[in-house]
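The same chain A turns up in both complexes below, where it pairs with chain B and then with chain C.
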Partner chain A sequence: MTWRTWRRPRRRSAGPDGARPEPALATAPGAGGTAPARPAGAVGGSGERAAGAARPPAAPRGGRRRPATERGIERRLAFWLLAPTLGALALVVAYPVGSAVIRSLFDDPIGRDPVFVGIDNYLQALVGFDREDFWAAVGNTVFFTVVSVLLETAIGLVMALVMHRAFRGRGIVRAAVLLPWALPTAVSAVMWDWMLQPEGIVNALIGAEVVWGGSEWPAKWSIIAAEVWKTAPFVALLILAGLQTIPPHLYEAAALDGASAWRRFTSVTLPLVRPALVVAVLFRTLDALRMYDLPQILTGGANNTETLSILVVRTATGELKAGYGGALSTLTFLFVFLCAFLLIRAMGANVFAGFRAEGGR
Partner chain B sequence: MTAVGGRARAGTTAARRGTAWESWVIGAGIVLLVLYCLAPFWWMLVSSLKGPAEIASNRLWPEDPTLVNYRGVFGGQNDFGYAVRNSVVIAVATTASAMVIAVFSGYALARLRFRGRNLVLALVLACSMFPGVAIVTPLYQMFSDWGWIDQYQAMVVPNISFALPLAIFVLTTFFREMPWELEEAARVDGCGPIGAFFRVILPLAVPGVVTTGLLVFFAAWNEYLISSVVSITLASNPVTVALAKFAGDTEFQQPFGSQMAAGVVVTVPLVVLVLLFQRRIVSGLSAGGFR
Partner chain C sequence: MGRAGPGRLARALALGLGLLLGGTACAGSLPDEGDDAVVTFVATRASGGDFQALVDQYNAANPDARVRYVALPAAADAQRVTLVQDLQARTGRYDVLYVDAVWTAEFAARGWLAPLDEDRFAGPGILDAAAETARWDGRLYAAPWATGTGLLFYRTDLLDGPPATWAELIEDCRVAEEHGMDCYGAQFMRYEGLTVAFMEAVASAGGEVVTPEGEVRVDSPEGRAGLRFLVDAMADGHIPRAALTYNEDMTRLAFQRGDLLFMRNWAFAYPLMDDPGEESQVQGRFDAAPLPGPGGPGTGTLGGNNLGLSAYSSHPDEALRFIEFLQSEEVMRGWLERTSTPMAREALFSDPEILETRPYLAPLRDALDQVRPRPVTPRYTDVTNAIQKHAYDAMTGETTVDQAVTDMQEELERAVRGT
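On to the complex of A and B.
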């Protein structure tokens, strides 16, 4: 008997959501035959027994048919189990976002109370006085995201292929690959700042005299280099997990059919590793669009390296413009969601797949 | 027939010819990969051991190793010991609370049937895509009103909320693969649903919970954005914020020696955790990858 068979036995009319009848399982109450129905009073008891759960109840053994109220209990239990999560997300995400959206409709006066100005703050960012700053930040964010995600995916794929074929030293390689991922971005930024000093190790190694923090493109590339260094190993791990699900006999069959190594890669590896690749790209893109720590510490947004996140923090907490900052943060948030939506659409990633596969089980 | 046989033979010889060449390439690739990942760490360690006279040289090892940078980190105006303590408190508190909350929710989402389940999932997922900057200002104002600025809870509570989506996601994946027949067996033997959960399912879920807890701990240890806004003084600065605004002990413009030493101090616990739990972490990361 599976969990479902004992959990399911309820009268058809029992649950408001009994829309999905499962004929084979929707047995009548007590249909197990052997089990006497437990008195209804015991039901509430089992639900509220949270604290004293260590002791089994004195209820009759096997008494587990409480058809009418089982669903109600389950629903109430689910509510209480989810309440802390929903509460935390409401307190730290929903409420602040709501208040930022409302605040964004008011101006930022000095010495008087804010006045309702409608969408003026949004117009100021999109087409008005501050449009250059805003669109530059959008451009930088998109540039950093596209370039670093492309590089990470390419490098990560190569790393994953190498790791997949390695037979010796797997443990060492795995630990080495995890370290850049585990390092705090703030520490990584300071470390790269040091390595990219004019007299630093990077210039010494490439035999150049680049002032990395001195002008626009060197500054941008140093951010991308630090970002890719830290995240390519993470992408490699996600792709490696995908590679390991490919059955080896597919390669043998392809080799037997005379497929070259390249052909095996494009016709077997790539299609089968695609789901893992899609997930890695999605994760990384959403993360990169929010990039803050690295450019903030490495360049502080100088030399046209300001991302949307830096712009928001600079405006709202640096210049204390809560209204205009609220508009910028709302725009950032809409922008990230739009990108997520388009990306999920374009790549056909079904983020719910894992959950929906078996319904509620 | 012969053609097929011939091709197969050709394939095997090609494969055999490939193996020597291939294993050489793979070996070189592994060395490059490890170098790529670890070289910056080596440079951080080496730089932290160089004194003021040597720090500017690009020698790949310290000629005259000294702990002067480490003394600068823990002594003087930096007092990095406080930052380490703050980070430990914040990360442990975040991990413990987030895991309790996430275990409840993961169980409900993996196991119970109720209306609005998909709505909850969508909400949780939407929160995981959320840009932290969108809430940092309102959070700052809210915490100022409550007198939370420079208090641990101003960092712990947001950290919990940021960690929950991923934690719930990974835990739900783990819970869905549990042998639930055992829970049923326990209930047949007279356990209530909650008793069955704590006595049968939770012990079996320990690997998944540890994995998820590690991911949450790393995330909390690494958090910078919210902390940099709500934590102002050294008394509450976590390591990430303290490190970024380090003041030098010496005359240098930027105290890179001390910063590298502090970086090493921050990294050592992470290295230990990675070495101890690498398998777990990898399985957690790929479980979080929506499989």
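On to the complex of A and C.
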């Protein structure tokens, strides 16, 4: 009701307002000053909306009582503007997650309706018949994540330091370094698959006959190589952004104090680039914990390279076990959530410490 | 300025929306008989085959019951997901389904396929072995169409004839060694192909993985003998380690490069390797024979595709008429001539005209007499995953033959029980 009554006058006055953009500009800061209304901040961002919200004060007969109603109106407006987003989120996030959790408490029969089985599906994965598959997938996921994130960070840091230097052809190097990141993962996986064939270029270059997809460790290392090749540029880019915020005079001062290049790196570069580094590691870790496409295409999960995501997809969409698959995906979700939580607890404090140190300077 | 932004944005949005709508409109109208089609036929694109042409031919003769063709992805997994999603949603959008032989039982058990009339779709003239894959619980749920089984391809320029037993095959590996080639290659990558290869080995040894009654019998002397043949051949170097990464095409490429003396593959490889345009090193220098076994001819595994009628179809009568058309001898003959796929019709294996250009059909017909279908069970996906896992671990040497067979038995029993 109020939404409609508010809306009608605004529409009618849209014409004259178009001719004079000044009131909108003038009243926008005013509205913020008289009432530090959070809804306005939450909703803000569009010039048209600010102009609409500022309409009543522009009318002369509004008087002084208007701002209070205006705040109420803004709040309601904020609610209605956010409602579609919240509704969409509830529809695409809360509903599927909720129904997966509920479904995970039922069994997976063929030819009759599912029956409630409590936490049987969870027990089956954690301690029951399928525990070997589940824990192997957890182990592989953690192994791939730890090794590939460590390598990516180290290589990304080196790449960033190289790209940070001024040299001829730096633009080309920066563009070239980014190429692997620009490729879709599935495409780069197929590319690596071809290179790692028994008669592929990798074997030709190293002069050996390794069957990369034929046993556990070669398969694992080929997945890690493809993963690092693809994502190190992403890490490098984030770190490069961090490097560029370090003021050059710090290096000059350190050099004047007689600090060696290594000392300048450990005492100036590393502490100041740490916030960017932490963000990069956080992003990559969360991404790597969900790893699916690379191992799926390179090995299909053979040779003990099955990750949690592959296990979930195989169970839920391959074997059509919505209940057990739901339990697996809930466990995967909890596992990734726990990892993210621990990581943020462990490194989050450092992020803020880093920012505070920077701000203090 | 403040106005120009949203204005431009609105125009851009309108343009984007227009393009999107236009795009979907085009996509929707691509099969131009879409509007008045009564039956939707969903099938994968086959190499060399053209379902659209068949549909056009049918539509020209049946203007009252026109058919629309929807192409499925080429990969088997993706085909399955597409079909399953539609069937689970019970949309009834697809009427006639091109179903892999190994999914037929599951789809039937889930109530997704309508039962068909035995006499009409699996009567005389249709191969028994192929019809067996289309039955579930004593009833026919799909019309047998394409079929086939494994063949042993061998080099005629290096050997006098094909080996009839495993021992002869291993003995002939000396020839491969003399020529600096690998001996025997098959689909040993961990995927459906490995299930087929493993089951062929077990069946050739006289065993059975799962009986038609659903009893798991892999933990038996025959089951062990079958797996041991593969594991030993790999350990002794008769099967190259690279075969652990071979699918059907990779095996064919290795053989047509001249790297393999023997290859297990489906009939599709024959015309490709004989095609002058295919860069084949073995053109005119190979032939195909039934698979060998321990003491005589072996037993192949049956592959193929059936035509099912969706249980949610709103035009079953028209759909059945179209299935009948596809199953007619004339259409099947045309398909065989174009794609070289063996078809589930007895007459097409003995026609001298066809045999002249496709000599591999004669040994294939012999092999089909020995053939064993893959387990006909609604839990086929679980079954094949269990087989792949343990057979692969034994072949890579991760585990022993005895351990692999014991574990496989346990996991298969659970899978078949469906708990």
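As a convention for this text, the second predicted complex is superposed on the first by the 275 of 361 C-alpha atoms of A that agree within 3 Å, B and C clash if a C-alpha of one lies under 4 Å from a C-alpha of the other, contacts with A are read in each partner's own complex, and residues count from 1 in each chain.
Here is the rule we go by: a residue touches a chain if its C-beta (ideal position, glycine included) is under 8 Å from a C-beta of that chain, and two chains touch if they have at least 3 such contacts.
Everything numeric in this text was worked out from a predicted model, so none of it was measured.
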Which of chain B and chain C A:Leu237 touches, first, second, both or neither: first
Partner chain(s) touched by A:Gly207 [first = chain B, second = chain C, both, neither]: neither
Chain B versus chain C as contact partner of A:Pro248, first or second or both or neither: neither
Partner chain(s) touched by A:Pro198 [first = chain B, second = chain C, both, neither]: second
Between chain B and chain C, more extensive residue contact with chain A: B
Partner chain in contact with A:Thr317 - chain B first, chain C second, else both or neither: both
Chain C-contacting residues of chain A that also contact chain B: 46-47, 197, 317
Partner chain A, residues of chain C touching it in the complex: 1-3, 5-6, 77, 80-81, 84, 106, 109-111, 189-191, 240-242, 244-245, 378-379, 381-382, 385, 392, 396, 398, 414, 418
In the complex, chain A residues that touch chain C: 18, 21, 24-25, 46-48, 51, 108-111, 129, 197-198, 211-216, 299-303, 314, 317-320
Interfacial residue positions of chain A with respect to chain B in the complex: 1-3, 6, 16-17, 45-47, 49-50, 53-57, 59, 61-62, 64, 71, 73-75, 77-79, 81-82, 84-86, 88-89, 91-93, 95-97, 99-100, 103, 158-159, 162-163, 165-166, 169, 171-180, 182-195, 197, 199-201, 204, 229, 233-234, 237-238, 241, 255-258, 261, 276, 279-280, 283, 286, 289-290, 292-293, 297, 308-309, 312-313, 316-317, 322, 325-326, 329-330, 332-333, 336-337, 340, 349, 351-356, 358-361
Interface residues, chain B side, partner chain A - complex: 7-8, 10-11, 15, 18, 22, 26, 29-30, 33-34, 36-38, 40-41, 43-44, 47, 56, 58, 100-102, 104-105, 107-115, 117-118, 120-127, 129-142, 157-158, 160-162, 164, 168, 172-173, 176, 180-181, 183-184, 187-195, 197-199, 218, 221-222, 224-225, 229, 239-241, 243-244, 254, 256, 259-260, 263, 266-267, 270-271, 273-275, 278-279, 281-282, 285-286, 289-291
